[in-house]
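Multiple structures follow.
After this come two complexes, each holding subunit A, first together with subunit B and then together with subunit C.
What follows is the complex of A and B.
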């Protein structure tokens, strides 16, 4: 008995050691490329460092937080980010789930469909935005297609030159780019649903609609939570499309999301501390929203 | 006969070799130094400068140069990032309103006159047109040598004018009111979509150059002598209203979302009749469309004025100066100034091959300059112009102007009055934080 007590902790310790050994590279990687920059950004946000200045920074406490939180520019960009997130989240989630259900229900061309949907995700965001800039040119494909669809002639839908349409345009680009990526995640989740459960429901006489609503969707919940949190974080971090569109004439004020504001504040205005403040606030926002989403989904699981 | 021919050939080769001989710099003898030079993309300038670098490194074998070009709209951010990490290039150039913050933060080294053809600041100033070095001279020290000084005039496509029933020699626009009226005659649309523009502004990164002179003509100011921002509401409102009326929310004559006017102009595909650009555009037309360049179907006219202008203000000129990183080693700084001095000593070649103007007195008086088509139009405008605004926050002010002018053009954008108030508030805040 005594022997057994002595052996068990040592075995656990041995397991722990190997566990630490395997996760060490990941911890090291995240420490260097994620945790250190976060801590550095936080430290910078408490100073008066100017990007090009050679003078050592002075500690100013939370003065930069006060400045950013009282700036209408920051609140405008936060509003733009939230508008974009809501605008892109809903179609991204619904379309990727719908495509995943469609692909999973098919017996043929599954791979071809997945590849076709996934291909835009392989493109760099800059290339994707450049392609769409050509499409959204007043004489480009977007106006031609919209005119054909709406039965109009020569109407300029102002994809980039209207403050409201440019918001729609950025959402279109984002959904087009990432719908394939999230579809693949859903397809993987659907593939993990035990075939025996589906077969049992068929024997019990469930039709396709019932199988989807009673079997697939409830059992897909872990993937649904993962995808929704990922979409949320992706949307809050959107940058390239807005950056390139504003470089080519779109209104900055309409699509000045927080990430773009951070970039402009740091590199154009050379105000590293205020850019740091916005980065920290965005990080906190992401953390809070993701946590709330996870809590909400756990609550639903417990109710089931 | 063969001997004579060979002798002539040898003599010609020797002469060309002599002509291409860069000086050997005593301070660099027997020393090894690697330089990095960053500049904006210019297809005509790149081969020329690479040639000079090859000549310089041949005469100074210890020197190696990494010549890197970046797109014009990217180089400012890339240079800022590099300097923030203390990894800036040894030599670089930016438009003066973007370069000045580097000077203001002590990132640029003063000229080492021993490495140049000039004795001191006074001697340097005496070789250039008055005022053209002012942006790079501070407290008796000079920090840059001018690569180019540019002002914009109006390039005009005569064929499109004739096609619209206008006589380019008589009907060319003299005032901003004319520009609007002529544009309305020339514009062609498919429904609301413009297929041919009469004129369009330069959008993007140059609002200080493009919009501010229009305001100054009406008596307005960006920043007054006593430091007040956005002075002369009537002038600002008139220009903002004009720009709004010009755009898609008004008469729909042009917009920042169409392809840049100067690029379309060079192609001569009946897409635009007038475009703002500098003398350098001539070299770009030759490169992209030599047939159009030789057709005599284009001409250059002075920068328009308002009918009721309070004073004549041509387009503000901007400068690109080659500057040297103050954090580079002493040896790298010496080599950098020697190289920059060597490259820029070929002002006429820059003018002939790139059509950019170094504002030296000798070049402006040269036959080469005078024989450049329409150089007199540019020179006359420049003689009455002043340099664009530059200051510690000029990059930010430039961006605020861009937002104000471009946003009033767009559907759903602010009214000119709202845009003006927002601009004044933002610029005042920026100046206060300096």
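What follows is the complex of A and C.
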């Protein structure tokens, strides 16, 4: 069998055809589970398909889009998602950058510090949400800590029951869980800054603040862009915390983010077309973000 | 002379020392705050519920209650459903990790080492799927899975996640560095292409495979959305869906909930402590993959 394979003329071209053999599983898999579904999702958003109905769906054009875009429910959930995204983005970005700068300036225990900060990211999102659910109990640790910090006594901060506080609570869970993850991305980015540049600046007499503002932060821009977009994409997809909190009695209206709305619309209301509209809109939102990121990182290359 | 020369240096080094101490204090405080909820979970999982919610909180249980763990595993109805769901999670996460590594290596090798026509189109097409959020395609995938009668089966958990674009990207990048001369030599020796892959390529992807396997395992361990859809029968659910159900039950107490959370975290923490290199390195690669 070994011998039979020896085809001497154009060995190159013959073996290059094997490339198709190796990528065939991907073509099959991504066609069925990525490309067909995204087209189907778009088509579905243009019909009146019902989840359990056997009747063939009819084409209704952009009527579903009109319905969704004029429903306050959708705009509320978009507002919730954006509030959550902005609320989590700012502390996540600032804290992870600050921690990374501090860690990178340490000579010892860098690894231990990274592991400690990263540890919540290892947990399942549901477990993270559950730990905080108990901490946020009216008799729980969060009230005790808040009372100690704010100098109040016996005040209930209503972490889960007040519609504005429950938004803050979901943000706290998220920042806690992911701050170490983004810290590591920043530490890696800082590690990529050539040591020679930093050394040269020290020889030129730059002090620590100058080094930070003139060397580290500008050279860190590719990582900064990457981390910003990743935080945005992570936040837009948040689901588990909100889902678990509402299962335990938190107000759905307050934390009904777009992903949760899609889930509820599709599987509680069995309204596939409207869920499809929302998922296509979410997709477009993420595409725009990814495009913005690509533009930003391209601009970076041109600058260098 | 020496005093004039030394004083600015001395001042600078003492201010550097202060900065250093402040940095350590800030980092120690940050680590403490981040770790505290995990310590809380561990402590509370061994407490009776009254103690979990009695303030001022005692981090170390006054009355130890390891029975929480027995109750957590047995469940409120004593049907041991959690054990079965843990087993499901282990089966699904391990299998998906294995298929993802195997298939990504296969496809990554094809893209890295063969110059066939249309290679770039295939690569870009696969990369483009990274932009599609699962939430957007989940309903169509659900309908496909129902059409294939995959509800309440392990295949239902596994087939939609057989591989992913990030895995292909990671393997392709890794295999671009694989020495082409070795492949050529094997071809001249008459080795078949599948055998070259099996014997030479697949056996040399260790670090990339470990990174990808861990990322995939953790993602699957965390997956809540899909099990909510595909598993209707309780015994076919995985851990995240079980936790949601358990927490919503009226007679679940706080200590036992923390025991459930702790049990669900043991396998991933075990991986984290034994393979932290791949976790931390892997996040960095994962970040770069999205670039």
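Convention: the second predicted complex is superposed on the first by the 253 of 304 C-alpha atoms of A that agree within 3 Å, B and C clash if a C-alpha of one lies under 4 Å from a C-alpha of the other, contacts with A are read in each partner's own complex, and residues count from 1 in each chain.
Keep this in mind: a residue touches a chain if its C-beta (ideal position, glycine included) is under 8 Å from a C-beta of that chain, and two chains touch if they have at least 3 such contacts.
Just so you know, these numbers come straight off a predicted model, no measurement behind them.
When the two complexes are overlaid on their common chain A, residue A:119 makes contact with subunit C while staying clear of subunit B. Of the two partner chains placed by superposition, only subunit B is touched by A:156; subunit C is not.
By the document's definition of touching, neither partner reaches A:110: not subunit B, not subunit C. Look at A:131: by the touch rule set out above, it reaches subunit C but stays clear of subunit B.
In the superposition on chain A, A:139 makes contact with both subunit B and subunit C. In the superposition on chain A, contact of A:50 is made with subunit B only, not with subunit C.
When the shared chain is aligned, subunit B comes close enough to touch A:268, but subunit C does not. Of the two partner chains, subunit B and subunit C are each touched by A:247. Between subunit B and subunit C, C contacts the larger number of subunit A residues.
Judged by the document's definition of touching, subunit A residues 137, 139, 143, 247-248, 267, 272 lie at the interface with subunit B and also at the interface with subunit C.
Residues of subunit B touching subunit A in their complex: 73, 77, 80-81, 83-84, 101-102, 105-107, 189-195, 203-204, 247-248, 255-259, 393, 395-396, 399, 402-403, 406-407, 409-413. Here subunit A touches subunit B in the complex through residues 50-54, 136-139, 143, 152-156, 158-165, 247-254, 264, 267-270, 272, going by the rule given at the top.
Contacts from subunit A toward subunit C in the complex involve residues 1-3, 5-6, 11, 15-23, 25-27, 29-30, 32-38, 40-41, 44, 95, 99, 102-103, 105-106, 111, 113-127, 130-135, 137, 139-141, 143-144, 176, 179-181, 184-185, 188, 208, 222, 226-227, 229-230, 236-237, 239-240, 243-244, 247-248, 259, 262-263, 266-267, 272, 275-276, 279-280, 282-283, 286-287, 290, 297. Against subunit A, in their complex, subunit C makes its touches with residues 19, 23-24, 26-27, 30-31, 34-35, 37-38, 40-41, 44, 52-57, 103, 106-107, 109-111, 113-116, 119, 122, 125-126, 129, 131-141, 143-144, 160, 162-163, 165, 168, 187, 190-194, 197, 218, 221-222, 224-225, 228-229, 239-240, 243-244, 247-248, 254, 257-258, 260-261, 264-265, 268-269, 271-272, 276, 279-280, 283-284, 287-288, 290-291.
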